Each structure stands twice: as C-alpha cells, then as structure tokens.
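Starting off with a structure, shown below.
Labels run A, B, C, D, E and F following the written order; every chain starts at residue 1.
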Amino acid sequence: MKNMFKLGIVLALYATAACIGLAFVYSGTQKTIAERQQADLEAALKELFPQGDSFEDITGTIESPDSSVAFSSQYAALRGGEVIGAAIQASGPSYGGPIVVLVGVGTDGKISGAKILDNQDTPGLGANASSATYYVDRANKITFYSQFAGKSISDPFEPKNDVAAITASTITSRAVASVVKASGSAGSVWLSTQTGGVR
Amino acid sequence: MTLFKIFISALLIDNIVLMRFLALCPFIGMSTDEDKSIGMGLAVTFVTVLATCVTWPLYHFVLLPLGLEFLQILAFILIIAALVQLVEFYLKKAAPSLYASMGIYLALITTNCAILGVTFDNITKGFGFIEAVVYAIGVALGFMLSLLLLAGIRKRIKTSPLPSFMKGTPILFVAAGLLSMAFMGFAGLVK
Amino acid sequence: MNIVLLTALFAAALALILGLALGFFKEFFKVEEDPMVAKIRELLPGANCGACGYPGCDGYAKAIASGEADVTRCAPGGKATVDSLCQLLGVSASATSIVAVLACQGSKEHAPVKGDYIGVPTCRGAKISTGGTKLCSWGCLGFGDCTMVCPFDAIHMGGDGLPHVDYAKCTGCKKCIIECPQQIIKEVPRERKGSMVICSNRNPIKAMVMKTCKVGCIKCEICVKNCPEKCITMENGIPVVDYSKCTSCGVCVAKCPTKVFKMLQDDIITDKKDDPKCPEPSEVATGDVSAGTAL
Amino acid sequence: MATKTFKRGLSIPERKHATEGHPNERVPALKQVVIPIHQHFGAPNVSIVNVGDTVKRGQKIADAKDPGPMTVPVHASISGTVKKIEPRALSNNTNGLCIVIEAAPEDGPAEHDFMPPMDPFTVSKEDALARIREAGIIGMGGAGFPTHIKMSPPAGKNIDLLIINAAECEAYLTTDEVVMTEKTSQFIEGITMVMHITGVKQAVIGIEDNKEHLVPMLEKAVAENPRASGILVQPLKSKYPQGGEKMLITAITGREVPSGGLPMDVGCIVQNVGTLVAISEAFNEGKPLIERSLTVTGGACKTPKNIIAPIGAAVSDFPEDFMQVDTASLRKIVFGGPMMGVAVASTAVPIQKNTSGILLLTAKETPTFEESPCIRCARCINNCPCFLSPVLINNALEAQEIDTAQTAGLMDCIECGSCSYVCPARIKLVQRFRVGKQRFRAHQQAAQKAEAQNKK
Amino acid sequence: MKRLFKIFANGIIRENPLLMLMIGLCSALAVTTSTANGIGMGLSMTFVLLMSEIVISIFRKLIPDSIRIPVFIIVIAAFTTVIDYVLKAYFPDLSKAMGVFIPLIVVNCIIMGRVESFASKRPIIDVIPDALGMGLGYTWVLTGISMVRELLGNGTILGLQILPESYQPILFFVLAPGGFIVFALFISLNLFIKSRLKTPEEEQA
Amino acid sequence: MAQNEGRILLSSSPHYASPVSSRRLMSNVLTALAPVSIFGIVMYGVPALLTILVSVASALAAEALFRLVTKQDIRIKDLSAAVTGLLLALTLPPSTPLWMTALGAVFAVVVAKEFFGGLGANVFNPALIGRAFLVMSFPAAITTWHQPVGFGYALTDAVTTATPLGITKWGGTIADVGANFAAAGLSSGSDYWSVMKTLFIGNRAGCIGESSILLILAGAIYLLVTKTIDWRAPLTMIATTIVASLILGMDPLFGILSGGVLFGAVFMATDYVSAPITAKGKIIFGFGAGLIIVLIRKWGGYPEGVTYGILIMNAVSPFLNKLIQKKYGFVPKKKEAAK
C-alpha cells in the first residue's frame, strides 16, 4: 500500500513537471497564435476591402437567410467611421464536409470578394476551390474564388451558368456559390439598414 | 446531422481505416483471421466508447472551463492508457474467459490511433455527448468492418500464387487500396 | 502565473488519481500466476496456431511448465524458440533428440520410372493413384511431401530426386516421418553409432529388385553372414542392425554388393556441427519482426 | 414405365458401341495365371499353398490366417502347379503377394474341385452366408466389399429393399449388359436367393435406359421364375454416376444415405449384376468365384470384346488370335471405366474379381491437360452429385485447413470424378481429395498414436 | 564513432520503422498527399522522438520500473503538445494540413517502441544517433511517398510545377487508395533493396 | 510390353475430360459481347472502335509484359485479359482519351489481377477496378458523354449531353429525358413509352457497351444457353434493383433500362473469379449489389452505382462463399444426431 502511494506521487511529480513545462510553452505560443490569427483575419478583411481602414466585430447581428448556410462571425468594414461594407464568415455543406468562406459585400450590392478559409474536399477536385493556382479562366488568371468579386448579389449564382464551375466538382462549386450568395444578400440587407436606404 | 447520419458517415463514408488512414497498425496486424478481427473489433469498440465517456466530460467540464485545453493530448492519452489497464485487470479477474479471448488485444489498444483520434474528433467536430458516443460506436464498427473484409481477402490470397515482390505485407496494402476504392462508392452518400 | 499553478494542480491530481486507481486495481484484481508460465509464454511467438497440439501458446506454456510437454513442439518459433526455451529451462533439447534419416537411395539415376505420370505432383497423390512412378514401389516417390511439412526448413529435394536432411537444422520433430506415405523416413537417435540399411525394398526376388533399382537390397544376406558381431538379422525382407552389438566395424558397408549399408555418423549425419547444447544468451535470435505480419 | 433418376449427373461420351451386344467369349486356355492372394476389402489373406504344390481349379489357395467375418478366401482359377509366390504389381497399383500357377497340360473345365451344390432355400441363413464366403464372393461392381457381410446387416437395421445395380453408367463397359443377356435365369435366381437369405421382400433392378431393350427380357425372366415375386425392373435415365450406390438409391427410392452412413442405414442393399450371378452359381454348381465376365476395349484394342476370363489372367498373356493390342498407339491402360478406373503401367497386371473392364486407350481418347489456375467457375460445385463444394475443399486442402475441407465435404466425396471431368481449368480435384482423405486419416492416426504414447 | 554511425544507419533501411517494422503507418499514409506535409510530419516526429529519447535516457535511473510506461507517455505527450503548438504558431498552414495527425504522434508506436527498448536502457550518447536514425528513416519514407503522390497526382513537388502544364494529374494518387498502393510499392521496393543489401554481408559472415 | 513402357501414361481417374476449357468460356463471353461492341461502334464510330482496340491490346500486353518481367509463364492465350480489356472499354464513354483507356487497362490487369497472382486469384473485378481508377483519376473526362452520332462522323461534331441517369440525378424527370431524346432526334416522341423504347433499343448517350438492353439480353441468353454464366447473381441483382427502386419511389423500369445495371449484372456480377462461387452466395451477392446501386443512385455522389455495388460485394464474397449447398445425406444425419 505504501509503495503504491509512493509510486503515485512519483508519477504525479513527473506529470506536474511536464505540465508546468507545457504551461510555459503554451503561454509562449498562445500569444503568437492569437496574434497571427488576428493578423490573418485583418489581412483577409483588408484584402476584401482595401479601402477600409478599420473593422468592427459585429458578430451576431446578421442572420442567415439560408438554413443550410451558417454564419459564424461578422465584421463591418469602416472607412473614416463610415460603413462601407460587411464581411461574413459563413459555412455550408460541401462534398467533404462544411466549407468555410469569408464573404465581403459592399454597399453597392456587389460582392467585394470571397476567400475560402477551410475546405475539406478532395484534393485535385473540390480542393481546387481554394487553390490560388487553379484558374477557371486561365487567360485572365481568375481563380475559382476570385470570380465572385464584383458580382452583383442579384445574380442567380448558378454554377455552369453565371458561375464558372470547377471541373467535375459541381457539388463544391454549388456549395461555395450558395454560401456566397446567402452571405452577400444578408450582408447587403444589413448594410441597407445602416445607411438608411439604397444609394 | 442526425445521429443516424453521424453513424453511417463514421461507419462507411469516412471509414476510419480505409478513408482516414487511422488504426492502420492493427488493421494490418490483426486481420489475419476473422476471429481475431472480431475480437479486436469488439475490444476497440468497448474501449473507444469508454474513452469517449470519460474524455468528453473531462474536456467540457474541466479542461475547457479551466483554460487548460493545451493539456488535452496529455490528459487524453494518460486516461486511455489507464483505462485499458484497468479493464485488463478487471477482466482478468472477473471474466477470465472473456479475457482469454479479448485480453490479448487490449494491450495493443493503447497505441491505437483510432481511439485517441476519436476522442479528438469528438472535440473538434463539436459533438454533444450522445453524438460523441454514437460517433465512437460508428468508428469502432467501421474499424471492425474493414478488418473483417481484409481478413476475408487475406484468406483468399493465402493460397494465391502471388508474384514474389507482393508477398507478405505489400499485397495487404494493395488489397486495402482496392477496398478503399470500392468504399469510394459511398462518398457523398450523406451530405 | 495563474495558469502554471492551475496546470500543476490539475496534473498532480490527474496523475495521482490514475496512479492510485491503477495500483488499487492491481492489488484488488490480483491473479495468481505461475511466474514460469509467464516467462515461457513470453518466449513463444504468440502465433496461437495450435501446431504444438495445445490450445494456443498459453496452453503450451502451461504444458511446458508442468513438464507435460517438451520444448520442441512450436513450429512457427523454429529453432530460435527452442533454443531460448532450452536456455530458460536449463534443459538440452538435443540430448535425447532424434533425427530423420531417409531409408532409400533410389535416386533418378538408380531407380527407373514405369511410365509418364500426369497428376498432382505430390508423393501421396502419386502413390494413391498410380502406386508411384518408379518401378520400385517401396522407395521414395520423389515429390517431396516431406519437404513441405518440415517447420525447420531442414529437408530439401536434391537434384537426384531424393530428399536430403540438413542435420544442422533437423530437430527431430517427426513431421516428415509422419507425412511420408511410404513410411521410409526413419527416426534415428542423433548420436547413434553404427551402420544402417538405406533401402526399403522388401521384394524377396533378387531379379525383381535388380530390375527396379540399382542400389536396392537384393536379399543376398552377405551382411548377415559376414558381420563379425552377428548383429544383423533379416526382418521382413530387410536387414536390421542390433545397435547394442554393432561396433561400427564397417564390414557390412564394405561387403554389401549393392552398397545398401551406410555408416550413420560418417556417411549420413555428417553436418551435425551445430552444438546440440543450448546456445549462449547473446545468440538467441529475436526473430524478424516483420515476419509476424507476413502472411 | 417412367424412367427415374437422381438430381444432377453428367452425360459423358459413352463409347459402348464397340462391344455393345457382343456375346461373351471365353479366354482360351492360358499358360499361367497370377492370382493376388488378397482381393477384398478387409483383413489380409495368407497363402495356404506352397511353391510346388499342385492345385485344382476351384481349390482354395488363400484365406485369412484367422477366418473372421471380414475375410474372403481366394481360389485357384486353373489347375496346375504353384510356381512362385511373390509380390506383383496389382490393378490398384500396389505390390501384393500373388500365387503364380502354371497350367497343367491337361487342364480343362472338366477338372475341378468345386463344392457340392446347396439349396439356399432350405438351409439355414448361417449356412447360406458361409457358402457365399467360402465361394470367395465379393462385390464385383468395384469396391470389393465381402458380399456375405453386406447380406448380414447388424441387428436393428431393417432392410426392406434389394437394389440390383445394373446401371453400368461408366463409358465403354458392357459386361453387365452381356451377363444379363446371357445368364438371365441365373441372374434372376441370384436375386431370389439373396432375397430369401436376407428376408427382403422387394427388389428393384436399376437399369439405365441405354439398355432399355433388356427390360422386356428381364421382365419375362422374372415372370418365368416361380420364386420371383416383388422384383421390379426400373429403367433409369442414363447419367453418370448413376451406378454409384448412393445415387442409385436416391434415384430409385428418393432416400438419401446419411453422411458417413451405408445403404443399410436407409434400408437398402445394393448388389452388382455379376455378384448375383456368382451367388447363384455358388449355390447351384458349388462353383467359387474363379472367373468373371469383363469388357476389354478401347482405341488401342484391335479386337474389342466381352470376355470371360479366369481370375489372375493378364491381357499380355492372351493368345494373339484372341486379343490384339495396338502397342504403337497404346497410351493408357485402365482397369475399370474411364471415370473411376485405375491407370496401370502394363498389360501384365492380372484381372481380379472386381475388374469389370480393361481399357486400352489411345492418346486421343484420354486427352491429358496441364492444370491451369482455378477460375472459380463453380462448375464442380454445380455438378457434384453429392452436392459438395469441390473447389472449396481443394482450397482448404491447399491451405491445410482440414476442418474447412470437412465442412465442404471432403469425407463425403464418393470420388466419382465428375468435378474433375467438368473443370475447365483441368484441376485434378478428385486426386487431391484422395490425397487429402488419406493424409487426414494418416494424421489422425499419428495423433492418436502420439496421444497413446503421451498417456504412457 | 563507427558504432554510433551503425546505430544511426540502422533506422534508415534495415530496421526502417515504416517499411520493415510496419509501425507508425497511419501518418505515413494520411499526410503524404503533398511533399511539404510529408517533410513536416517527418521532422515533427523526429523532434518528438529525439527529445523524448534524450529526456528518458537522462532520467532513466530515476524512473521506477513499474510506472515507467505512464512516465514515458507523459514525456512523449508533453513533447507532442510542444510541437503541436509550435506548428500552430509558426506554420499554421502545415498544422492545418496535418490536422489530427500531429497530436497523434503521441500514439505513434515507433516512439514508444524506441523509448521502451532503447532509450530506457542506453546512455544519451547512443540515444541521439538512434533517434536521428529512426526519425530520418521515417522522414525519408514519408518524403519519398509524398513526392511520388504529389508529382503524379498534382504534377508538382513542394508546390512547384515539375511536370509540364499539359500534364493531366492522375488524382488517384492523392486520394486514399493511391496512398495505400504507393505505400505497398515502397515496401516492396525496400524488401527488394534489403534482399540485395543482405547478400554480400551474409557472404562475409 | 516392355518396349513401350516408358510411354504409358499413369494418371489418376477420371481419364476423361469435358471439352469445355477456360479458354472456351472466355471466348464465349467475347462472343456474347460482340453485338454490343458492334452496336457501340456503329453509334460512336472510330473513337469507340479505337477505345475497344486500345483497351484490349493494353490489357493483353500488360499481362504478357508483367508475367515476362516477373518470370512467370505467359498465359494470355486463356483470353481472360482480353475479356477484361473489352469489358473495361465497354464501360467507358466513347470520348475517353486513348491514353487514359490504356492506363486504366494496365491498372486493371496489373494491380487488380496480376498483383494478386493472375487469373483466378484476383479479389476484385479487374475491369471495374480499372473503371473506378479512371473515374477517380479523371472525373471530368470519364463523365463527358456524347449523343450518338452514327458511324463515320467525328465525335467532335456530337453534342455533349447528360446521360438519362445523369438527368434524373440532378433533379430531372423522365419527361426531361424524353425532351433530351427528342431534341437529339433519338426518339419519336417524348412520352414515357417512347423513352423506354429508345432506352431498350439503346440509341442514347452512355458508355460504349451499356446502352442497348436488347443486345445485352441477347448476350445474356447466349451465355445462359452455353452454360457460361449462372442466372442467380444477375437475376437477383436486377430484381433487387427493381424492388428497391419501387420502394424508394423511383421508376423501376427506367432504373434498369438506363445506366449500366443490366450490363453489369450480365457480364460483371457473373465474373467467376471475383463473385461468390456458391449458389446462395450468388443470390446474396446480387441482392447486395442491387441494393447498393439503388442507394447510391438515390443518395450517393454519383448518378450510377453499378461499379461500386459490385466492387463492394466482391469484398464480401469470401464470406458469402461460406454459404455452401446442402450436402447429400447431410440432413438425415443431423436429425439422427438430434435424436
């Protein structure tokens, strides 16, 4: 019995030592991780709204119009204190699981850009949705996601129609298109409430 | 996702062995015959569910509130290792016949990716407790299914005139590859 | 710093709980086991194949520990297992060991065939359907059934159409002896001295023996008459040596007109240089791990 | 009458035309015969004569050391002197002791040493059975099982039907047909004798419809025999292996002999035509089984015929003007039919009591093929008359899984060869099964021996 | 020195953990869809193996025998967590691509096996070449497999277009079945190399 | 006798053999496939012809080369590789680039068949593995379909289109199929029965060999009459497809006339090597394959599930082979034991 306690305590000592070490590593890296995530987010938002000078977290204010598309976080893009657009991080079901897209919409009712944050679809097929080297229009170097920039939210967003689809990946193409459409229109509606009417 | 979808998806579509490449060591090592496959499958099912029942609450009620998520790996693996040991002790005493048939597999389970993988999945996929348990069962049965199928194939290739460079393990991986191709048919079954 | 403290507390608590629980369970569910069984079990390959005739490796381990079984029964483990078991138990497996000796010299060159055989190329197959392919129906059929069953890879077909035992490897497991449909592989004590008749042809008619095999026993009984110790008798058509009397004088070997006699230690069990005692600990092979997962 | 048959079965090329309807010809006097001392299924015989002895036709020359139930004596088939007693190659390709008798110059059918005739209808059952044993009668259909044993089932077995195996389903062979044509009355009498001795009230003659022309004749003979009652002639659809007793019983009665069982387990006794004729002769003439009718045919046989030959005669000893062999094209010598028979190395192998035919075949008649890989076509499964799964048995044997082989039916195989015949990959299934069966038994015996030793 | 080199070389082919011992297979197949992943995984694993072996070798005399396994687990898990967080912080893309397989290093049988059979019995000087040998043995196989898969399945290596643009990638290779079959061919190749390597050595012996 | 003793053959009984050899069975299949192959060529012209030739040639060459390199006897004479090659070609769209076809055939023969030990040893159906490989590797090329153009016209002139199953998979109805047919001038009308008639004749877009139900049935009858195939697996497979379609509310007639069910059932579920060998096993095989096909059609990621239905059941076959037939004399013994 005594031996048992002794061993238990030795084990506990090792565990404690290891964990304390980990705690330091954690607190050391955690800051970097958080900073990096923040920086990534800002960079992404900045990419969507190059004119924006600050971004405000407005998560929770916009509701998804499409039951299969879920909104996780939302940001308002400001320029000199004035709202110039909204960015929505949304996810919808695709071939290999939910696909997460950051969609920006401007006050002009046009998509300012879409950025695919997470995509678990098949490499070489659905995964091309987020690839920077897969062009739907090779001549103009337009990637799948970059084709959304400048599209009007009143468009039908139908792959193989007004959206160029990824070869042999209709499912992925549709998923992205519908996420972009849902986010865009919801963002647009919200924007209209901010500025008191369509410009 | 409904529970059924979670189950089917874990069992077939994202089959832990054939589609996600987890638990390959026992997949190759323990599929020599059907009895072993079933024994191992049952042992894994049992331990996976048990591990889920312990680690899920631990994460959600202890680690997360205390801000100690970074201890997840350490805590989970320790708990699984201890659980396997406890079960082994218990079975040896309480059910020697069950131990004789299942016990030999228990020792192999501590280092089985599937179990740790499932406990991590439960967290990353954001499952509730019941969902986590169903998922665990689905994964473990999927593991057993793939083991059984490979055992059947192994039985057939036992007397086949394999080319020399395929003898032994290589052919098992080829068989697993073709099996995985067949399972591709389930892709997209549940969206 | 708060997090470090919290971590320490959590880790200590977790480890203590687990450690104590384990210790407690271990005490509580203790099962008495013969430590020897566990040790033996460890040395067995764990294939649980049942080749030894016991229910799995555990069963065999128990049988060895209780002295019920000898250490040579594990086929998958091969020599390495036998050696390590010897070492553990401090016994010598080979002290009383036997080896397999083929009692036939009817090689392709010496024993003519009686027809083209079309069929399953196994000794038993040929024997059942056509009584073998050679004119001599007592001798080796030459398809190597014996070589298929040897778990120690100790018996191989030679170019002469006869199996040859590698005495450095043969453990005397008798698998080949049981398998041979002609029953012409004989068990012979490894250390036995003296001469042996390497023929199984029991045909009493000299002319017929000569027609069927150039090196068959033609029942001339010269050996019986010439043996100075009078230790050779004809039994059921074949000369038999009484080893309690045989002095290895070699007269029979010299006199036999068809060269049927051979000296066991000089002509047959020659490559026995593998020391029959247990090897040194460092030599105990651990075996190829990948072999365990092979088919 | 409607033809009956069993499920499955093959239609094989019959090739009976060469000897069909040919009358039996008696082999001219031979210079010597080589009589195997042991021809039956059971305990071994020893010679009871010595080299140099003179023997008479019909004289007992070999019997068991201790004439127990499973033994049958052997008789001299010609009169003469015992020249040698030595091992010779036999028709089952083993070497067995044979008594070589050189014919006395004055040998003739007149000179013989037969037993006195006996009336089976008046003597006791024991005496009748003893006579059948003394006459050296064994099953002439192939297996060589002692007939008197077959006729005395153990207590508790209720036999209600005698089946006469006149199927002759093997290709080439026509001997049963000739015997039935020529010795019709003896044949029917044999049936009545067996029925009387065993007390069976019903008998069915199973005859394939390629011999349908014999049916009226047999029915007439039955009607003419005053003792013959309850004897039915049943035509059967010609199919291989109808003559296998299990198939025959199923064809005629619909009963299935249980796995591992014997015909008597379903109340039947099966006897070959020749056996019944031999029984009738043993009673009426006191003549032991010293000669039999058989078919010698095949592409390499220039003079195919049905013959009556003394036991121990060899084709190589037949006079040139009686039997001519085309040695140039002779490729295979088969004792028995092409499906079940045994290929032997020379024509000097002696005829035995259970030799129903000798085939001298050319290469064209017996094509030989290399084995190729099994394509798992399941033809063997679909054609096995015993509903076994040959390919699975074979796989299991290859994998050394004897239990699996057992479940798939290894020990139930009647070795009819249908599976090998149909196999497109030419896999020698039956041969492997024979090996497997024997290995299985050998290993069982070795294990028992080892166990017995361990116990000591 | 020669001895140390021998220990190091052992893990590269002769006792290569993946190809010969058949352990630690999962990560080898799962993450090898791109070369970067393969190298990343290999090095992460080498790091954990090296650090665990060193620590355990140092403390080997202080670890009570009956609780050695839990202690090993703690050490390995600690280093796995370290690499997990380091990757998350500095190589977020790689970390994301390898997903759950980084934490799963903790159950990689190679580490436990080496720690138990080697580090817990040997001084630190032996341990370092062993860990490096095993780790690199693991890494080269991963790199090899991932290069083949990325090249054939995507036409690139490390993201650089190697095959001409007109090459139509054979997606099979980046999908699960392709992983199995490429791995099978690797084992086969290794067995072949081993059989070649063995002959001269055996002749000497 | 002595002089010819050396020439006497010794062998085990039976000394007879049936004339049906492995090669004969394979050529039976080739014969049965001839009409559908010709129909495919007539519909799509040279591309179909080339696909067939390349596939068969690559399969034969791959087998011969592999066995040469691995020092095994070359046995392409048994024609099984030719059957594999032909079947693979017939399950591909006519526009498949020839190098892809060749790659698929090589993969089928080498990986699925020869790695396992060649004829008789493969676990999975080689032709279907070849198809699955191509679908997986080049999803775009293998799902590009053309309307039949008739022999002599270049395929590039033809309209790319969806196959009937493809139309219904993505939300279309049978009426849409009819419209598609009518637009391409393939059927006289767009009503239900003229759609079915067109499907039966086979004048529609699809794989080279799958479309003409009429000719597939002719092949099936030939194979059944020559006793090359067993009726169990195909029949249960088709029956299950019908019943399951009905239950899931899909049109059963359309279900079996469109897509590759019939072709798969007749030529691929009957593959000796990869399907079960026992009668009961075959029935369950057909049932399972039919069920998986319908499930994939209804909910899966592909319009058609024949490939995967059969491949998955191939994997289950070793277990189905345990369902052996009732042995002669087996039951009475059991009863006795019970007593």
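Simple rule for what comes next: a residue touches a chain if its C-beta (ideal position, glycine included) is under 8 Å from a C-beta of that chain, and two chains touch if they have at least 3 such contacts.
Everything quoted here is computed from the prediction, not taken from an experiment.
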Touching both subunit C and subunit E (chains): A, B, F
If a chain touches subunit B and subunit D alike, it appears here: C, F
Chain separated most widely from subunit A, comparing mean CA positions: D
Where subunit A and subunit D are represented by their mean Cα positions, the distance between them in whole Å: 87
Averaged-CA centre spacing for the pair subunit E and subunit D, given as whole angstrom: 70
Centre-to-centre distance between subunit F and subunit D (centres being mean Cα positions), rounded to whole Å: 48
Inter-chain centre distance, subunit A versus subunit B - centres from mean C-alpha coordinates, in Å: 32
Per-residue multi-chain contacts in subunit D, two or more chains: 342-346, 368, 373, 428, 431, 434
Junction residues of subunit F - those touching two or more other chains: 5, 7-13, 111, 117-118, 121, 133, 136, 139, 301
For subunit B, residues that touch 2 or more chains besides their own: 28-29, 70-71, 74, 78, 82, 155, 157-158, 161, 165-166, 168-169, 171, 174, 177-178, 181, 184, 187-188
Interchain pairs in contact, sorted by label: A-B, A-C, A-E, A-F, B-C, B-D, B-E, B-F, C-D, C-E, C-F, D-F, E-F
Of all residues in subunit C, those that touch subunit D in their complex: 53, 114-115, 118-120, 122, 124-125, 128-132, 137-138, 178-179, 181, 202-205, 208
Partner subunit B, residues of subunit C touching it in the complex: 3, 6-7, 10-11, 14-15, 18, 21-22, 25-26, 28-31, 46, 58, 290, 292-295
Subunit C to subunit F touching residues, read off their complex: 113-120, 125, 128-130, 133
Footprint of subunit C on subunit E - complex, ascending: 20-22, 67, 70, 74
For the subunit B and subunit E complex, residues of the former touching the latter: 18-25, 28-29, 70-74, 77-78, 81-82, 110-113, 116-117, 120-121, 124, 165-166, 168-174, 176-178, 180-181, 184
